[in-house]
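Can you keep this structure in mind? I'll have questions shortly.
Chains: A, B and C, in written order; residue numbering restarts at 1 for each.
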Amino acid sequence: MTVTLGELAVRFGCELRGDPAATVDSVAALAQAGPRAVTFLANPKYVEQLENTRAGVVILDARSAASSPVPTLVVANPHATYARVATLLHPDPPLNPGVHAHATVDRSAVVDPSSEICAHSSVGADVRIGPRCYIGPGTVIEPGAVIGDDNRLVARVFIGRGVRMGARCIVQPGAVIGGDGFGFAPENKAWVKVPQVGGVTIGDDVEIGANTTIDRGALEDTVIETGVKLDNLIMIAHNVRIGEHSAIAAQSAVAGSSVIGKRCVLGGRAGLTGHISLCDDVVVLGTSFISHTITKPGVYSSALPSEEAGAWRRIVARIKRLDSMAKRLRAVEKHVGVGVEQESSED
Amino acid sequence: MTVTLGELAVRFGCELRGDPAATVDSVAALAQAGPRAVTFLANPKYVEQLENTRAGVVILDARSAASSPVPTLVVANPHATYARVATLLHPDPPLNPGVHAHATVDRSAVVDPSSEICAHSSVGADVRIGPRCYIGPGTVIEPGAVIGDDNRLVARVFIGRGVRMGARCIVQPGAVIGGDGFGFAPENKAWVKVPQVGGVTIGDDVEIGANTTIDRGALEDTVIETGVKLDNLIMIAHNVRIGEHSAIAAQSAVAGSSVIGKRCVLGGRAGLTGHISLCDDVVVLGTSFISHTITKPGVYSSALPSEEAGAWRRIVARIKRLDSMAKRLRAVEKHVGVGVEQESSED
Amino acid sequence: MTVTLGELAVRFGCELRGDPAATVDSVAALAQAGPRAVTFLANPKYVEQLENTRAGVVILDARSAASSPVPTLVVANPHATYARVATLLHPDPPLNPGVHAHATVDRSAVVDPSSEICAHSSVGADVRIGPRCYIGPGTVIEPGAVIGDDNRLVARVFIGRGVRMGARCIVQPGAVIGGDGFGFAPENKAWVKVPQVGGVTIGDDVEIGANTTIDRGALEDTVIETGVKLDNLIMIAHNVRIGEHSAIAAQSAVAGSSVIGKRCVLGGRAGLTGHISLCDDVVVLGTSFISHTITKPGVYSSALPSEEAGAWRRIVARIKRLDSMAKRLRAVEKHVGVGVEQESSED
C-alpha cells in the first residue's frame, strides 16, 4: 500500500521533517532503501549509512536527525515505530473466512465465521475458535481446545486437548503445543507412563517459533503468560511457567516445573534445569546453563568461547588437572609461607 | 470414570486404610486434590503437604502412611501405582475405528479394522498396521512400513519406508522416524549424497517425543529397543542403537553409530559423539558431552553452571590462560624446589 | 536393479579386477555383504574386514586392492564412487506425476506436469514448481514460492512466501523454510513485532534435514548457497548466509545475520552467535560455541568432555575459584621473586 509521510507522522506520533505529501510504499534497510521506501536508524553506530541513504524517509531519534540527507520522522523509539510502520505497509494477507473444502471441522466445534480454516486442517470436537483467526494448512486442533481472537497459526501447528490460547498470538509452522510431558515412574528397571492430564495456558500477544514444543502439564497447566516471545526449536517442559514479556531465543530449554519471571531474556540455547526459578528481569546469555534458582536481577553466563582446537585441547587437559594444580599451589604456598591463612579453607 | 477405593486396592495390590465403598474419579496434586481425587506421595520431603491434604485417597508407602489425614492406599512403589490409577481414571479417548473420509490409504496397505486412521493422514503402499492403533491427523506413513499393535501416533508423525514399530508405542506430534541419515562423501570440495538404505527398528512400549528425529540407517537399521523413552527435540542419528529401558531427556543428541546400553538415563541436552558406546546403567547429567566410550556404570558430567556474567568473564579469561598459569606454577616449584619429581610429566 | 561389474566399471571410471559379466543388485556393509552386494573400503583401518568379506565386489583404492579376496573396482575416491553406485542400485521411487485428489493446488499456481503433488499437500497462489519435483504428503507451500527442477520435499515440509529454491534439493520431513525471523523492538518493557519481509534463497543441490528451521530475512533474504548440507534440528536465523558446500551437523545453530564461508564444516550442536562471520574452510568441532569472527581457516573448539560426576564437581569448584587461584600464584611469585616481569599484565 501507499501512504504519505504526513499520514505516517500523524498516525505514529512522529515529528516530520520533509514534505508531508511525499509517499512511500515499502520498508528496506538503510543502505538498500530507495526513494519509495521507509527505513530507520536505531543504533547511532550506523550513522555513516544514514549519511549515504537514498530512502524516502528515515525514522530516527532527535540525536541523529541532523545527519539525515533525506526526510525524517523523528520519534523517541525509532525501532518500535519502524515495526508499526512496517506492519502497516506489509500487512498479513487478508483472511478468506470460512472452512476449506479439504479441512475437517467436527460438528460440535464452534468456529467464528470470520475465521479461516485452511486446507488439510483438523478441528476436533468441542473446539472453540474466536473471530478473525487464521488456522493455516495442515494444522491439528484436538478436541476441547480453546483459541481466542485474532490468532494466526501459520501452518502445520499442533494444539492439544486442554490448550487455551488468548488473543493475537502467532504460532509458526511445526510448533507443538500440548504434547505429553515426559513423566515416567521407575519400576523394576523399566518405566511406567504417568498420564499427563494438565493442559497449556497461553496468554495474549504470545509468539511461538517454528518446531518449538510446549508440553502439557502433568496435573496443573503449563503456563505461557501474555507477551512472551519464543523463538524456534525451544523446549518448554511440563508445568513450566514463563512470565509476561519474557523473550527466549532459539534452541533454549526449560526443564520441568521451572518458573521464569517477567521480562527475562534468554539468549540462544540457554538451558534451565528443572524445579528452579528466575526472578523478574534476569538475562541469561546464549548457551549458558542455569542450575540454581536466581533471585537477583542481572546478567548470567556460562558460555565458553572457542579457541583454535590445538590450544583448546591443551586448555581442556589443564582443566582436567585443576585439582592437582590447586594442590601443587597449596604445597608451594606452605613451603614458602604465604597465603596460608586466608586460603586454607579451599583445599 | 468413578471407582471405589476397594476396587483400586484389589486391582493394584494395595493395602487400603479407609472405606472401601468411597469413590474417586480423577487425579490431582497433593496440595490441590479434593475429596473426589486420588493423589500420591512418593518423596518424603512433601510430607507436610500430606498432612494438609484433602484428597479422597493418597497412594503412599508404609513409612508415610501414618502421617495421612485421609484414606490411604499403601504400596511399595507409590509413583508407579499412581501412574496406573491415573491411566485408569484418565484413559485415552476411545478409538473410532476405520478410515476417515479425508485420509488416504493405499489399496495395498493392510490396516486392521479396529484401528483408526484420522483425517489428512496418508498410508502408503504395502504398509501394515496392526489392531487398535490410533493414526492421528496429518500423519504420513511411507510405503512398506510396519506398525504393530496398539500404537498411538498422536498427530503429524512421519514414519519412513522400512520403519518397523513394535507394540504399544506412543509417538508425539511432529516426530520424524526414518528421515535420511546425514551421509555424504567428499569429492572435489563438494559432497556426494550417500543413499541411506537402512531402516529404523523400534521395539515395544517405546515413547518418542514431539519433534524428535530418528534417522534411518545408512545400511543396517537404527535400533530403538523395547521400553526406551525419548523426550522432545532429540536427535538420533543413523545406525545408533539405544538399549532397553533407557530414557533420554529433551534436546539430547546421539551421533552416528553410537550405542547406548540398557537402563541408561541421559539428562536434557546431553550429547554423545559418534562411534562410541555407553555400557548399561550409565547416567549422563544434563547438558553434558560424552566424547569417549564409557565402560563403567556411573554418573558422568561436563555441565558448567552459570555465574554472574562479569565474574564469568573473568573466569573465562583465566581458563584461556591456564596453560600459562601452569607454566608459571612450574617455574615457581622449580625455583623453590618443591613438587619437581611427581609433576614433571605434566609440563 | 541388477547390473554387471563391467557396466559399473565403465559408468563410474573404475579399474575392474574380476569378471565383467558378474552381477550385483544391492549395497551392504563390508562385514555383511553377500555375493550379490557391492561394498566399499574407504578407511584402511577396516582392511581386516576386507580380508574376510564375501561381497560381490568391493570399491576401494589402489593401496588396498591387493588385500581383497573378491572382485574389486579400483578408483581414487571409493566413498564417492560407492555413493553413486548405491544411488544407481537404490534409486528414489519413480514419480507418479500429477496432483493427488486429496491435494490442494491454487488455480494460479504453475506446476510442471511431470511433478508429483502428494495427498494432503497445499500449494498456494502463484507458486511455481519446476519439472520432476516430488512434493510429499502434508507439505505446505505458501503463495509466491518458487521451487526449481528435480526437488524432493519428502513429507510435511513448510515452504513460506518468498522462498526460492534451486534445483535437485532434498528437504527431509518437518523442515520449516521461511518461518518468521525472531525480530521484536522493545517498548515499555514489552515487545513490538518487527514484520519479517525478506525471503529465503536456496541454491542447487542443497539438503535440509528433518525438523530443521530456516527463518526468512527481516528485510533481505536469508541465503543457503549451492551444495550446502544441513542435518536435522538445525536453527538458521534470519539474514544468515551459508557459503557453498558447507556442511552442518545436527542441532547446530547460526544466530541472526552471521555469515559462514564456503566449505566450512560444523560438527553437531555447534553454535554461532549473531553478526559474526567465518571465513572459508573453517571447521568447528561438535558442541563448540563461536562468539567472534574467524578470519583464519582451521579447526576450532570449545567442547568440554565429561568426567565421572564427582570428579567433575571438584573441577567445577576449582574453575569457579580460578581468579582466586591466579591471585595466589601471583602472590607466591612475588614472594619468591620469579615471573614478575613477563606476567604482570595478567593480574
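The criterion applied here is as follows: contacts are C-beta pairs under 8 Å (C-beta built on N, C-alpha and C of every residue); 3 or more make two chains touch, one makes a residue touch a chain.
Here the structure is a predicted model, which means the values were calculated and not measured.
Taken together, the touching pairs cover every possible pairing of the chains. Between chain B and chain C, two chains of identical sequence, the interface residue sets overlap only in part, with shared numbers making up under half of the total.
Matching the C-alpha atoms of chain A with those of chain C calls for a turn of 120 degrees, to the nearest 5. Centre-to-centre separation between chain B and chain C, using Cα means, comes to 25 Å.
Residue positions 102, 120, 138, 156, 174, 211, 233, 251, 303-305, 307, 319, 322, 325, 329, 332, 336 of chain A each touch two or more of the other chains.
Note for the complex: chain C touches chain A at residues 102, 104, 120-122, 138, 140, 142-143, 156, 158, 160, 174, 176, 179-180, 182, 184-187, 189-195, 197, 211, 213, 215, 219-220, 233, 235, 237, 251, 253, 255, 271, 273, 283-285, 288-292, 298-305, 307, 311, 314-315, 318-319, 321-322, 324-325, 328-329, 331-332, 335-336. Residues 26-29, 32, 42, 77, 79-80, 82-84, 86-87, 90, 93, 100, 102, 118-120, 136-138, 154-156, 170, 172-174, 205, 207, 209-211, 227, 229, 231-233, 245, 247, 249-251, 263, 268-269, 286-287, 303-310, 312-313, 316, 319-320, 322-323, 325-326, 329, 332-333, 336, 338-339, 343, 346 of chain C are the ones that touch chain B when the two sit in their complex.
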